[in-house]
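These notes concern the structure reproduced below.
In order of appearance the chains are A, B and C, and numbering begins at 1 in each one.
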Amino acid sequence: MIQRRSFLGLMGAATAAAGTGSLVLPAAAENKKHTIALVPGLTTDAFYITMHRGADAAAEALGQDLLFQGASEWNVTLQVPVLDAVIARKPDAILIAPTDKVQLVEPLKKANDAGITVVCVDTFIGNGVFQTGAGDADFPISYVASDNVLGGVMAARALAQSIGEKGKVYVSNVKPGVSTTDQREEGFKQEMANHPDIEVLETQFNDDDANKAAAQVQAVIGRVPDLAGVFGANLFSASGTANGVKQAGKQGEVKIAAFDAPQSVVQELKDGTFEIVIAQHPAEIGYFGVVAAYAHLTGNPVPTHIGTGFTVMTKDNIDDPNVSKYLYTG
Amino acid sequence: MSEPLLSIRGVSKYFGGVHALEDVSMDLKAGEVVALAGDNGAGKSTLIKAVSGVYKADRGEIRLDGTPISFESPQQARDRGIETIYQDLALADNLSIGANIFLGREPKRRAFGFLPVLDRALMADAAQETMRRLDFHVDRLEAPVSAFSGGQRQAVAIGRAIYWNAKVLIMDEPTAALGVPEQRKVLALVMALKEQGKGVIFISHNLGDIFAVADRIVVLRRGIKAGERVPAETTSDEIVRLMVGG
Amino acid sequence: MTALSSEAAPPPGRTFLSKVADLRAWLFLVILVIFFETWAQTVYGVTFVGNTYNLQSIGIFATAPLLLALGQTFVIISAGIDLSVGFTMGLAAVVSAHMANLGASHLGLPPFLSMLLGIVSGVAVAFVPGLVNGWLIARLRVPPFIGTLGMYGIARGAAYLIAGGMTVPVSNAWFAWIGNGRIAGVPILVIIAAVVVLIMHYMLSQTRFGQHTYAFGASRVAAVRSGINVGKLTMRIYLLAAVCAGLAGALYSGRFAAGAAQAGEPLLLSSIAAVVIGGASLFGGSGNIAGTVAGALVIAVIEYGLVFINVEPFWQFIAVGVVIIISVLVDQSQRKLLGGRVDE
């Protein structure tokens, strides 16, 4: 009766890693074509473009229709109208990267009330713990994302190693209140607590402005000339910090761990701009998001949290195809 | 009898079917103040706009110094020496007297022998000289005109006109927005212009002002010239009768 | 003939007060520098302002917002606003990165010429939003807030499309040198900004274009009746703002070795704040380049200084907000007291 396809092995492995039991995929024999919509945080970012590719691959393999609709900017007031328009088209499921934990609850509840299955990808609403019967934001069936705390931990480990397990570091972050970057910072600090000779200084928030991130690292170096490393919690934080380090004449002395991996990081790892790059696996997020929605629509249980992995990139491994395949592509 | 400075002959202006002006004629000599009186909608502003290049008359002829004129724009009228001073003055409040006088045709000089820059010294000198001609003394020449009172600003607007050698000044309700002392000063300015040989067309609702400065009074009613009087030979009552008809 | 007396002269002391008010941004700057110097000396036993490194860092930091603010100064003096400069900068950054790459890969140009091609293309592409803004505002009489908001969206979309949703890396040693190099210890970015400041100061204070911008901002009617072609003037003002943003975008690509569509977005509000702190009124008619320079430096010094002395980051927002409000209050009380402003 149940016809397993080749990708299900991968699926099982992923769900096992998330510790939530098995995800059983139903027969394609049912042959009903569902419409699944993916609403990204923003449409213009390589991360979400790569996620879209992964979602497309899953939809195609499962014979489902995929819609991709979003705003060009990370902004609640732009995302909600797009979401409303998507709901009006009555898809069977919506995969969404909510741009705010709180403000997207009501708009998504409308979808849920209309019988549309909701899956959160990359970011979440409420506290990200779903199907508990508690609170008013537990209705999404699953949260599929990189484990950002783990990402922060991995960045901390790699950075600690490259600075020789001692010295002062800080986190260059976008702004407080963004679930993913907050979690990366949390994981980074959590792991650094295990490295007694490393001191974590005050976090600097740059509003996603590379110019400001650069000035901040220059100011920190002005006060703390022996700064050893910086964790850039997103791409602009990292590239701005890298430029500030260069302007301060400290390239190579202050090591930078960057988060996210567009194609340009290859060059930046090779020329020493970045010491470490933590790549998420956005294609996996899109892929598993579609699979989870499909499983639920066909009456199968779905884990409430699916965590996808990371790849640590350095100049030594970036030419390895098993590593470079995780670069984001537009 | 000398040739009139400005001669308006049989001018008509229609807007669709409305006769805003019908066959109006009047003269203005150098050193003369002619008051235009009339109720709202009598055609005063249509007439001055026909003279100052805002409108083109549909019929009739306007001569300046004996030469027929037909302007495409207010700028052309200004270039020929016809300046209009509007009730709202239209000064750039944030600029000095000199800068207002020269607005749109600022003088330049060369700094360091090559770099063209605004010649502020020339603008300030011209401002001082012009204001002196109006018996208006200022020593804060770089102050913005917003720092000055209504009458003083009126003087700036008039000064701008006379600096550019206007022969004909059209003044639209120059006293309307002013207090009594300031009104007197503006009337004094009008007399000063007359003494300097300018021709002034003076529009006002205030018959007291009109009788104080005008050499002749032209009354318009519903686009038609209702009459022309010399102040010494008429009364306010007669002018009002001409304005309202009957 | 009745004399119009010399009471025409404004009250004495006005000049001194208005000069102080005009220089308030520089006054803020001095106060801030004293504050940070005292703090740094007391708590860390180091100098803040006597340190060349800090001055260089602040100079680099202030460059991009200042370039946007310089063009914005003309726009605000003309009683307008240009909300599109941030994404015009992003568009220029992306285009200049692409063109510098293209120059090397397809045209076989040497790095120096590729860089020039990149910079010129970035500035040139900025003409498009500048001219469209000017056309919308001057010819179609669209309010500047609306017209440039529309262009904000269009420039953003175009920038993201051209970038393909990514940053556009550019590898060019000359371009990187422009963005990161120094001459006699002075960052090249700062030298470029200084040259642009001088040109803008000249244009605003010494040309008819500048003079007409002031007049237009104070009274459109006055400008029109003086025979100024206000349509052409408006086009030029918005074009200038866009060109400044274009240059900022091109320099961004050199500095960060990549063009990013969102490069200028976070700078829009800083650039407007710099102009306002510098003494311009959003109602038009007042402002000057020296003030804008001080305004941009005030913001840069606050944001840099607070990190330098290790103050909780959120104080930055509060501090900039407080300075803007004080600045506007000073401006208003000055208007009340003095009834106006001088023309430069």
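The rule we apply is simple: a residue touches a chain if its C-beta (ideal position, glycine included) is under 8 Å from a C-beta of that chain, and two chains touch if they have at least 3 such contacts.
It should be emphasised that the depicted structure is a prediction, and the values quoted were computed from it without experimental measurement.
A.B. asks: Contact counts by the stated rule: is the higher one at A-C or B-C?
C.D. replies: It is B-C, judged by the count of C-beta pairs in contact.
A.B. asks: Could you tell me which chain lies farthest from subunit C when each chain's centre is the average position of its Cα atoms?
C.D. replies: It is B.
A.B. asks: Can you give the whole-Å distance between the Cα centres of subunit A and subunit B?
C.D. replies: 72
A.B. asks: When the C-alpha atoms of subunit A and subunit C are each averaged to a single point, how far apart are the two points in Å?
C.D. replies: 35
A.B. asks: Return the distance between the CA-based centres of subunit B and subunit C, expressed in whole Å.
C.D. replies: One centre to the other, that is 42 Å.
A.B. asks: Using the touch rule from the top of the page, what residues of subunit B touch 2 or more other chains?
C.D. replies: none
A.B. asks: What residues on subunit B touch subunit C, complex-wise?
C.D. replies: 74-75, 78, 86, 88, 90-96, 99-100, 103-106, 108, 111, 115-118, 131, 134-140, 142-149, 151-152, 155, 184-185, 188-189, 191-192, 195
A.B. asks: Under the touch definition given earlier, write down the residues of subunit C that touch subunit A in their complex.
C.D. replies: By the definition above, subunit C touches subunit A via 44, 46, 51, 53-54, 56-58, 60-61, 64-65, 156-157, 160, 164-167, 169, 171, 180, 187, 252, 255-256, 258, 260-263, 266-267, 300, 303-305, 307-310, 312-314.
A.B. asks: Report the residues of subunit A in contact with subunit C in the complex, numbered from low to high.
C.D. replies: 43-46, 49, 72-73, 202-205, 207-212, 214-216, 218-220, 222-223, 235-236, 239-240, 243-244, 246-248, 262-264, 267, 328, 330
A.B. asks: Quick one: in the complex, what on subunit C touches subunit B?
C.D. replies: 1-6, 8-10, 14-15, 202, 205-208, 211-212, 214-215, 217-219, 221-223, 225-228, 285-286, 338-343
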